[in-house]
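Look at the two complexes coming up: chain A is in both, with chain B in one and chain C in the other.
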Partner chain A sequence: MKGRADIRAFVQGLLTASGDDRPFADSDSLLFSGRLQSIDAVEIVVFLEENFGIDFAQVGFDKEQIDSVDAICALTESVAKSN
Partner chain B sequence: MVTPARITSAKADGVAGFRLIPRIESFPAVVRFAQTPPGKLVLLAVFGLGMRVFLPDLRSVMALMAPLALITFLPAYRRLLLAASTIAIVVIETAGNSLLLVLTLTVIALSVLLYWCAMRWPNSRFAKRPVLILLTGFTCLTVFASSRAPQSWAYSALWTLVGVLSAYLWFIAYALTDRNSKPSSDLALEVAALRPLWGSTNTPFPKGAAYLRRIEAKTPEQLAVVQLKGLKLLVWAILLDVARALWNVFFHQYLQIPTPDQALTMSVHGTPAAWHLRWACQLLAYFELIFAFSIFGHKFIACCRMAGFNALRNTYRPLSSTTVMEFFNRFYYYFKELLVDFFFYPAFFRYWKGHKRMRTIFATFAAAFFGNSFYHLARDWQIVRDDGLWRAIASYQVLFFYNAFLAAGLCVSQLRKRDQNRGGFVRGRLLPAVGVGFFYCILNVFDADERMYPLIEHLKYLASLFFIHF
Partner chain C sequence: MDPLTNKLDDAAAHEQAQQAGRRAAIEDLLRAHPGVREAAAIQDGGNKVAAFVVPDNEFVDNVLGRAAAGSTIVGKWRKIFDLSQFSKQATSACVGFNTMGWDSSYTHGAIPADQMHEWVENTVGDILRLSPKSVCEIGCGTGMLVMRVAPHCDRYVAVDQSSAVLGRLRQQLETIPDIARRVEVVESQAADLEGFGESTFDTLVLSSVVQFFPNAAYLSKVLEKAVGLVRPGGHIYVGDVRSLPLLRAFASSVELFQAPDELSADELRGRILRRMERDPELVLSPAYFLSLPRRFPKISTVEIRPLRGRADNEMTRFRYEAILRIGPGAAAGREGEFLDWNERRPGLDEIRSLLRRHAKQAFGIKAIPNARIERDLTAMAILEGADAAYAAGELRRKAEQDADRGIHPQSLFDLENEATGFAVFLSWAACRRDGSYDAFFVPKESLQGAALPPIGWPEPDAAEFARLANAPGQARFRDQLVALLAAHCRQNLPDTQAPDEIALVDTLPRTADGKVAGPELLRSRSS
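So, the complex of A and B:
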């Protein structure tokens, strides 16, 4: 099972690929702030499906769930608990 | 020690950091002043003066500025004031037509009821697929209205209802999806977001109540900063409007370059414009669309910011886009968000999960082709009413081709690996941006007078740009 460090590294990779080299905190908004785009949200979704077994068709999807590293970690933890 | 590299870097920062409109929201003295009563009055007065450029008369300016002034001085009642202004606008706009007034208020009440049902029974079939059921219901109503005999009372009432629902369709859709957000928005904000005070097209600016709640100014300082950003954006819209006027005078009046519609008409009538003029008009149309979308989007978002919501711009540096997908995102952000939220994600989460590429292609076509086509047919309900459903659909052949072309471009754009840091400025930025511009110049051939001529005439015109004639 991957953890916070892997999630952070993945998000960092997305930011770097889109030319955003600014630092970010785990609580910083990524999607609603406009730093990441919808296509990046899709990348995060696929990452969470493949590495954490999250099925968004089942759990419901709200961008707020993946808007920051903290939010993503909270989502993975809540899904792990419910499983 | 100052090294040549640092000097170069400082120069680069200086150029990149240059701003036509200063970042007044970052000046502490200005932010402090904007929080005082005189500061608020000055801000409102300047903003109202700026809006006069776009609004037809002083009465319209006052109608907009009065609620904004109340919200500015009574931010604790922002949501209630916005909800009241939403209802007041409906009453004022439909005052001369009692049927329209009743149906519009009914649709607003229905929106609230549907929102309440989705929240009350989260595990019901309706709450799990509310947008699908809403869009299916709208389609059924349209088909039913098409089957009524013209000139009857039922025909008139049904089509008025279709028209009102069409205007509110995507606003209701956002309200229904708010059930996923935690904590949920309050009812006042839900009503406020149904065609809000600051204006919208049929696309909700900026999305729904859940989004508004996230971007709402929470402190006097945040409100001052957001309002200053709103003022800046309005000034930017005015500058762009002036630039567009000069652009039109120079290119279309002085140089006599035709618009794409004119060039297509000339081509259809066998008297095509010169080859270089056809290319010039396609290129100009690319920039003119950016002008148009920037100006109307900036107006809405500027007013939204004045109401205390720090919304992202609708159009943000589209010319810096290095992929077709990035341009689509930067050009008409809130329409793209609508397609992604209501068509792309639902398709992406449910279908082709085992095939990554097919999954992306299917979801992209669901959004950019099906969703985009559905949006325009729902928007242009009068054409369905006047021509009948099937003839209306048939008359949209050019739009369908445009959407398929766009969807294909977006698919390729998403499936290609991107890295904006590779290749330096020319290979990494400039050439891809030119490529994106070329794609949209070609695409815009199918955007001109979309229902005037059949698809074959557009294809002939496109071919003629490359010296192919048939």
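So, the complex of A and C:
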């Protein structure tokens, strides 16, 4: 099972790919801050579907759920608990 | 004749002939490459030669793999729209007013509902002015336009690629049978739309959708199909198009809005450039649409209009609508004189008295400064000349203070309602980077119901035709093609004969007599 370190590494990769090499904290906003764009949100969603088995059609989707490493971890934990 | 001068003349003539031979050899060699559709080699001062190449789209799509990457981009946007329908906000949205995904680039929050209402009502008004009876809308989403335009039509085909979005639209239609009976819902990607015969519709709508296309070549494929689907006398309405001439102004406006007070001018300039380079959406020059009749002769008229509206947001500031009339069109022509706004700088009141004086005669005013973006332009000008350490907070204050007021486009549209007797048409066809626009006033009685009266709008500088669109996510294909062509030249020409630079352009701008416009091409590199 993947965990916080993998999520962080994945987000780091997205930021680097978009030319953003500034440091970021787990609580930092990624989408609402504009550091990542809407189209990057798809990469996060696919990562969560493939690695954590999250089905957004079931759990619902709001950008807040994936706006920071902390939010993503909370989402994966709550989905894991309910399964 | 002075023997010395004569000798120099000979030398110069010899040098000229050599350079002409070099340019011809470069052009022949490049044109023979499968990745090249057109090529022009231009002397760039001294002995330097710059080669300008219009890429062959099929080569870039199929050999370099852009088509596959484009499908990935289209697929990603579909997923975004699918996801947007799984949100709580989407499930509770009003029928025909689901604005999920309409987020502000400035705040990243939703664009306020009153502004969205104004935008949708104005868009609907502009479409209804085309008197549609049989409509195909590509990228219909959850039906903001369907619910408002379909009641005026006999048939409305609503196409979208997102099954979740269409699911929501079908649910809504079930509650309104009078609209539902006119509407057919079709799940398809824009480029793959099949099953409708030639000249099926009188109006084809692509509203707020082309920015999600992967590149201009994809849009051209969609328009090629669209041109066939629309019957003569009908229209293609392309709405909410992001403007390429205003891309820098847009990026500057957003970055300055978001910048902390202490951010330095140097850092701000870097952020603006990054935003322009990383923009994931397709941003198009009006020149793209103006060049379409040459490719698709069935298009007889192209109108490029700034949006109506008082709301101050990125749509009204930086986007336009393109209306393409499918022939036969009214003969293009100048119905009246265009006054240059800068000569007399008339305000609204003076324009009113001009309307009174012109009584029944059509006339235009060109290059009217645009009040919607005066502050953004002032900020850009200050930033251009600012020291590296000049702070963003100070820049904001200064821009606010110094901005000229300009004339708000909606104030001119409003003149239609002041019993002036004139209909008002605005245009951004001239592609000016300061967002200034042209206005044409036509006596209402002479319109005779024409949605697009023939107006000879001021045209863009030929250099505008060299770059018709940005290239979201395409940098690597462009770099790859330039590298291939450079290697091709190195392998086939002596070192001294190869071009000093190879640049990709969308078309080769031409002079009135059909020759390649060299100075405009050289100039296009810096824009």
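Worth a mention:
By definition in this document, the second predicted complex is superposed on the first by the 83 of 83 C-alpha atoms of A that agree within 3 Å, B and C clash if a C-alpha of one lies under 4 Å from a C-alpha of the other, contacts with A are read in each partner's own complex, and residues count from 1 in each chain.
The rule is short, and it goes like this: contacts are C-beta pairs under 8 Å (C-beta built on N, C-alpha and C of every residue); 3 or more make two chains touch, one makes a residue touch a chain.
Here the structure is a predicted model, which is why all the values come from computation and not from measurement.
In the superposition on chain A, A:V45 makes contact with both chain B and chain C. Looking at the shared chain after the overlay, A:G60 reaches both chain B and chain C. In the superposition on chain A, A:L31 makes contact with chain C only, while chain B stays out of contact range. Look at A:G19: by the touch rule set out above, it reaches both chain B and chain C.
Shared contact residues of chain A, touching chain B in one structure and chain C in the other: 18-19, 32, 34, 37-39, 42, 45-46, 56-57, 60-62. Residues of chain B that touch chain A in their complex: 180-182, 210-211, 214-215, 312, 316, 325-326, 329, 336-337, 340, 344-345, 348-350, 353, 356, 360, 414, 418-421.
Contact residues on chain A toward chain B in their complex (touch as defined above): 16-19, 32, 34, 37-39, 42, 45-46, 49, 55-57, 60-62, 64. Contact residues of chain C toward chain A in the complex are 73, 76-77, 79-80, 83-84, 86-89, 101, 103, 105, 108-109, 164, 258, 274, 278, 280. The part of chain A that touches chain C in the complex is made up of residues 18-19, 31-34, 37-39, 41-42, 45-46, 56-57, 60-62.
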